[in-house]
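In structure tokens below, several structures.
Next, two complexes with chain A in common: one pairs it with chain B, the other with chain C.
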Partner chain A sequence: MTASEIRALFAVAGRPEVVSLAGGMPPPDSLPLDLLSDIAARLVLTDAAASLQYGSAQGDVLLRESVVEVAAESGVHTHPGDVVVTTGSQQALDLLARILVDPGDAVLVESPTYVGALGVFRSYEAVVRHVATDADGMSPEGLRAAVAEERAVGRRVKLVYVVPNHQNPSGATMSSPRRDALVEAAAAAGVLVVEDDPYSLLGFDGGPIASLHRRDPGGVVHLGSFSKILAPGLRVGYAIAPPALRDKLVLAAEAAVLCPSAFAQRVVAAYLTEHPWREHVKGLRVMYRERCDAMTDALARHLPDARWLAPRGGFFVWARLPDGLDASALLPRAIQARVAFVPGSAFYAGDQGGDHARLSFCLPPPADVAEGVRRLAGVVTAERELRSAAGR
Partner chain B sequence: MTVVGTHAMSEQVFDAVVRTPVVVLAGGFSSEREVSLRSAEGVAAVLADTGCGVQVIDAEPDVLGQLQRLDAGVVWPTLHGAAGEDGSLAEVLRLLGVPVVGTGPDGCRLSWDKSVAAALAAGWGIAVPPAITVTADLFRDLGAHRLVESAVVRLGLPLAVKPKRGGSGFGVHVVHRVDDVAQALMSALGHDSAARLERMVSGREVTVTAVETEEGPRACPPVEIEPVAGDYDFSARYTAGAIEFHVPARVDAATAGRLEHGALTVHRNLGLGALSRSDWIVDTAGTPWFLEVNTSPGMTPTSTTPMGLAALAPLPEVVSSLVTRARPLT
Partner chain C sequence: MTASEIRALFAVAGRPEVVSLAGGMPPPDSLPLDLLSDIAARLVLTDAAASLQYGSAQGDVLLRESVVEVAAESGVHTHPGDVVVTTGSQQALDLLARILVDPGDAVLVESPTYVGALGVFRSYEAVVRHVATDADGMSPEGLRAAVAEERAVGRRVKLVYVVPNHQNPSGATMSSPRRDALVEAAAAAGVLVVEDDPYSLLGFDGGPIASLHRRDPGGVVHLGSFSKILAPGLRVGYAIAPPALRDKLVLAAEAAVLCPSAFAQRVVAAYLTEHPWREHVKGLRVMYRERCDAMTDALARHLPDARWLAPRGGFFVWARLPDGLDASALLPRAIQARVAFVPGSAFYAGDQGGDHARLSFCLPPPADVAEGVRRLAGVVTAERELRSAAGR
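Up next, the complex of A and B:
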């Protein structure tokens, strides 16, 4: 299937008849609506001069102070001066690419990697290279080899991009020794690490492993987001960057949008300072764990031949389909069966990943998650029968 | 209210249109949902230009209840794909008894199935490419090897392999090698429970829109589709600049006449309503080969039906006339 055909099919995925295991979004009923409503009303009535006015390109200082607290929970030690607030962490990634990447430069990513990052790197005409990745994260040896090979053909390697916690799409979490080794390998090669970390506070057991940034604050840019732990519609994220890069980020942000939304920043800042947000996040962890269990139980029951890594947090199960089935080819039949997922090929710059599907458990309630997997299993069975008839 | 584009409209028609709130029904559950939403935008924009009250709504599973809650003077369905074109929606609209710009359930059902429409057209003396229809069950029971071998012996290569029901080019493949036929069949069967293997006829791709008028159905000038590169697949259909359109088609007058006659024959004999678009290949001898007919043709900026209609008369005039002529489905 072509990318445009897949996009057209996803137009159906949001229909109420469809169990969507496609989108990586929090369920609307999990958002603290009453609190946000109160805060928003109060800001308009009493704080309009700041909340509804232009602000600093680096971001509201009240929010940056709160970000320091949130980042500490993710194992990042920083101070407000190093924080740059952005319109979602996606904008931070875009600004970094704008600053660092020239057409033809190499960018190293995990295998598979976040589809939104691929979109950013492609838009700056980077050569995206996947580095060998296992259940412990990106291979440092693979990183060293990739850097050497890219330089041997005359390409500059501008950055290495990783999602170390509950990765999108694989669900894998990079181990602590691997973090040490990866940061060391990147530093030795003189390559900046971009650590994209929207999921670290959504682990099901135990706290987050100390961030890559903490291991090398001068060589790692840490990206954080309030999309998963508060509300994606606020579009508030941040970058914690070494000073020289931070200054360039602020200039680039100013050129792009003048400043991030002052109102959204004030909403987030008020929420974080006035309410027990850690309790809210704790509730989210319980909710997502229940949904994840529903998915892995249903996979074990209905698709025992599929292979997946049981996630320890986050939103996603990365399932390898049985018999090397092509997930893109399954999608039209899946939509007819009223279930949607994202074909694995979306998470690669090349033509890999076709035999995988990213299954999101975050949005539908547990019973619907299980039903979605059951429907998917029916689709897989039908496709296997056809393949068998085709002698494939 | 500012009214634009009503220059060619009679006062009587204009008054009727302005008074009639039209509900453009779009989206729904179909792989062609996105295309349908764009078609609805296209229809609504022209209707708004005429000063007509217009509301675009996304068809919900309970579309009957949804329409009952609305005070629609006329319903213009632009749903593409199964629910919109297989007769299901037409049954609902018939039950509702509201005036509709569209085709009744029987016409939809006959047109929706490419193999049924082709067989009927052949019976009316229209040239139809030789084809076989393969259900998923048949594919499984016979096995691909024997089936493909027999099909290629009978039909030759290249083949057009397509879902028996469906549109917008989803699951359609042009196959030049016997080894690729099974894969193309599997892809087509991913979109429908049956697939059609059709001998590929080389020539110009042409569509003809038939439109109901006061004097009965009229054929619009044929529109020729020339892909800039590759095939007329889903991407090409809905990507501006990927196709070069020729209005009218680059065919001689006699061929254009045969196309228009063929389109009207299909439209009349299948009992189709307000609009239909039939798709043809004109071979080097000038023979039009019928491929399929659509009862809810695309109305997007890159669709051929608005181009054909605009070649017949100013688009606002045609659209207004269709609204004023809308009747409950029978």
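Up next, the complex of A and C:
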């Protein structure tokens, strides 16, 4: 599934009659809109000289100071000088690939992995290799073996990309011992770890496990985002990188966009300074947990033969369809039945994942989430009956 | 002069005691702040579902419709489907280079050229070649010769980059016959033209000359920006490209940042729809003309031995210092004397331009512009006296 196919899917998923279990989109009505409206209005009137002007390529220092506090909640210890603000964390990933990856270089990713990362690595003509991954995260032995095999065929391994918390799409969270082992294996192999972490503050029970970055700040780049705990429409993310790489990121960011939006950065900085944002995030956890419960309850009721890992946070259920049904083939019928999802093949560089669907519970309210699953189950059942009638 | 040196310069230039003739920054107090404040506040409250959400990688359709009207004022005929919204026009330039330029490929630029474009081309390891340029713009004969010579040494020529209106840094505007000749020469050579056009609506007398894009829509990519006629802190620019290239731009933009900021785009779209923005731009022209007059009057009075082309719009005077004085060497003393400018060497890929200074008249009010020139003249005079005393 290409980026443009996913774009077309999201266009369909946005129709009002369709229940979208497709996009990883936070519901804007969960935001403190009055407060954000006041902040935006005030910044234009009283802070135009900074908010509406060009700014630093590394990012606004007020925001970088606030990022240090947000990152601390995700178990990352850093200081404002090591933070690079980016146009969403997607840009951080893109700039890292631009700095590090030459065509034909290998990058290692989880199985499955985030579709947007695949898009970046493809665009730099990397060889993307999936490493064995279980419910505890990427296998350190798998990492070691992959590095050895890639090097044996003469490829340089430039980075290993992981989403350790409430992974997109699998929902899995890497255990603490696994984090230690993975960071150690990567360091021993001399491979940079890119830790993409938009979901760590959205765990349903308890705070996040200490980041990979904290275990090896010199060998891990940590990427964070305000798209899930605030609003994606502002496009504010960040990278926390070792100094040499941080300097390269700033130069690359400057060539790419001159500087991130000062206005968006100041809106986020003011929000973080003036609002009890930790309380807001607690509220988001409750909201997403309800939606997740609605989804897993509906799956258990309507699609008992499907298999999934119960998420402990984040936005996604990664469901294996019963009887080896192909999710891509099912999608057009699902959309006809007014429910959308992303077929699992989108999350692999090769042709795996066809029997999985990524079901997002983040955007629709719980009753709609349940109704979406009910509709999907209807399509699955019809398909199974069709197969059975055909004697397959 | 590297990007980081320029960054350090701008940090110094931002000190309150320094008159900055350095940055190409529009004065935020020239903006309709009340209106922008109202728009931002209202969009958060009434349009959060779109403004604060992920959006299309090509850009918001409301904004793309407005861009068509703005582009029409710059002499570009297009439609919303051919517009790609970018995070400032810098990103459009970056994405074009990413799509088109492989390391070692040649790109052709004016002499001098925009420093931000040099940063992009360097980052893609292009061979940047300056083409002979006079007060009417780049020489078509120079273009033909450069293409022939680059091809003779086995290099592919991927694009020719021009700023045809009120060029940064020279202030020159390409004449209409020259535009025809240049577009024809580029088409005959099979080389794409990138027309970077942030200043066309800021001419002091009369409307802009019809764009290069209009003369050959299939062979020219037109880049526009809201950084000069509205506010750089929003980071909203655009590219208007032939369909095949437009599609590649959208895919590259998606990999780079997923989508541009929906909030920034909707602010710009609402501003363009609700405000008589053409009147606002007229006011900007009057304001910048006054500042330009203040600069050229002060230059004539205090630095009569300098040489410059009187700008007919835009932000910049490109001044040759008297007696072959070196602008980079002069800069530290100028900053000591509380005036900042950008040395001419920044606008060349090689070691030319040392005897020129780019003097921006956009940001300080007219009296400050004049005072800045007076301070600069003092530094120049002191340097000449020092030289004379040393018998050089």
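By definition in this document, the second predicted complex is superposed on the first by the 378 of 392 C-alpha atoms of A that agree within 3 Å, B and C clash if a C-alpha of one lies under 4 Å from a C-alpha of the other, contacts with A are read in each partner's own complex, and residues count from 1 in each chain.
Assume contacts are C-beta pairs under 8 Å (C-beta built on N, C-alpha and C of every residue); 3 or more make two chains touch, one makes a residue touch a chain.
These numbers were taken from a predicted model, which means no experiment stands behind them.
Legend: residue contacts after superposition of the two complexes on their common chain; A:Asn165 is shown touching neither chain B nor chain C. Using the contact criterion defined above for the overlaid structures, shared-chain residue A:Thr78 touches neither chain B nor chain C, since it reaches no partner. Look at A:Ser66: by the touch rule set out above, it reaches neither chain B nor chain C.
Legend: residue contacts after superposition of the two complexes on their common chain; A:Gly391 is shown touching chain B, with no touch to chain C.
Of the two partner chains, neither chain B nor chain C is touched by A:Ser111. Of the two partner chains, chain B is the only one that A:Arg15 touches; chain C does not reach it.
Legend: residue contacts after superposition of the two complexes on their common chain; A:Arg7 is shown touching both chain B and chain C.
When the two complexes are overlaid, the chain among chain B and chain C that reaches more residues of chain A is C. Residues 4, 7 of chain A are contacted both by chain B in one complex and by chain C in the other.
Remark: chain B residues 29-35, 37, 60-61, 136, 139-145, 168, 170-171, 182-183, 185-187, 189-191, 233-235, 238-239 touch chain A in the complex. Across the interface of their complex, chain A is touched by residues 3-4, 7, 23, 25, 28-29, 31, 33-34, 36-38, 40-45, 48-57, 87-88, 90-91, 94, 98, 116, 119-120, 122-123, 227, 231-235, 251-252, 254-264 of chain C. Listing the residues of chain A that touch chain B in their complex gives 1-2, 4-5, 7-9, 11-12, 15-18, 329-333, 335-336, 382-383, 385-392.
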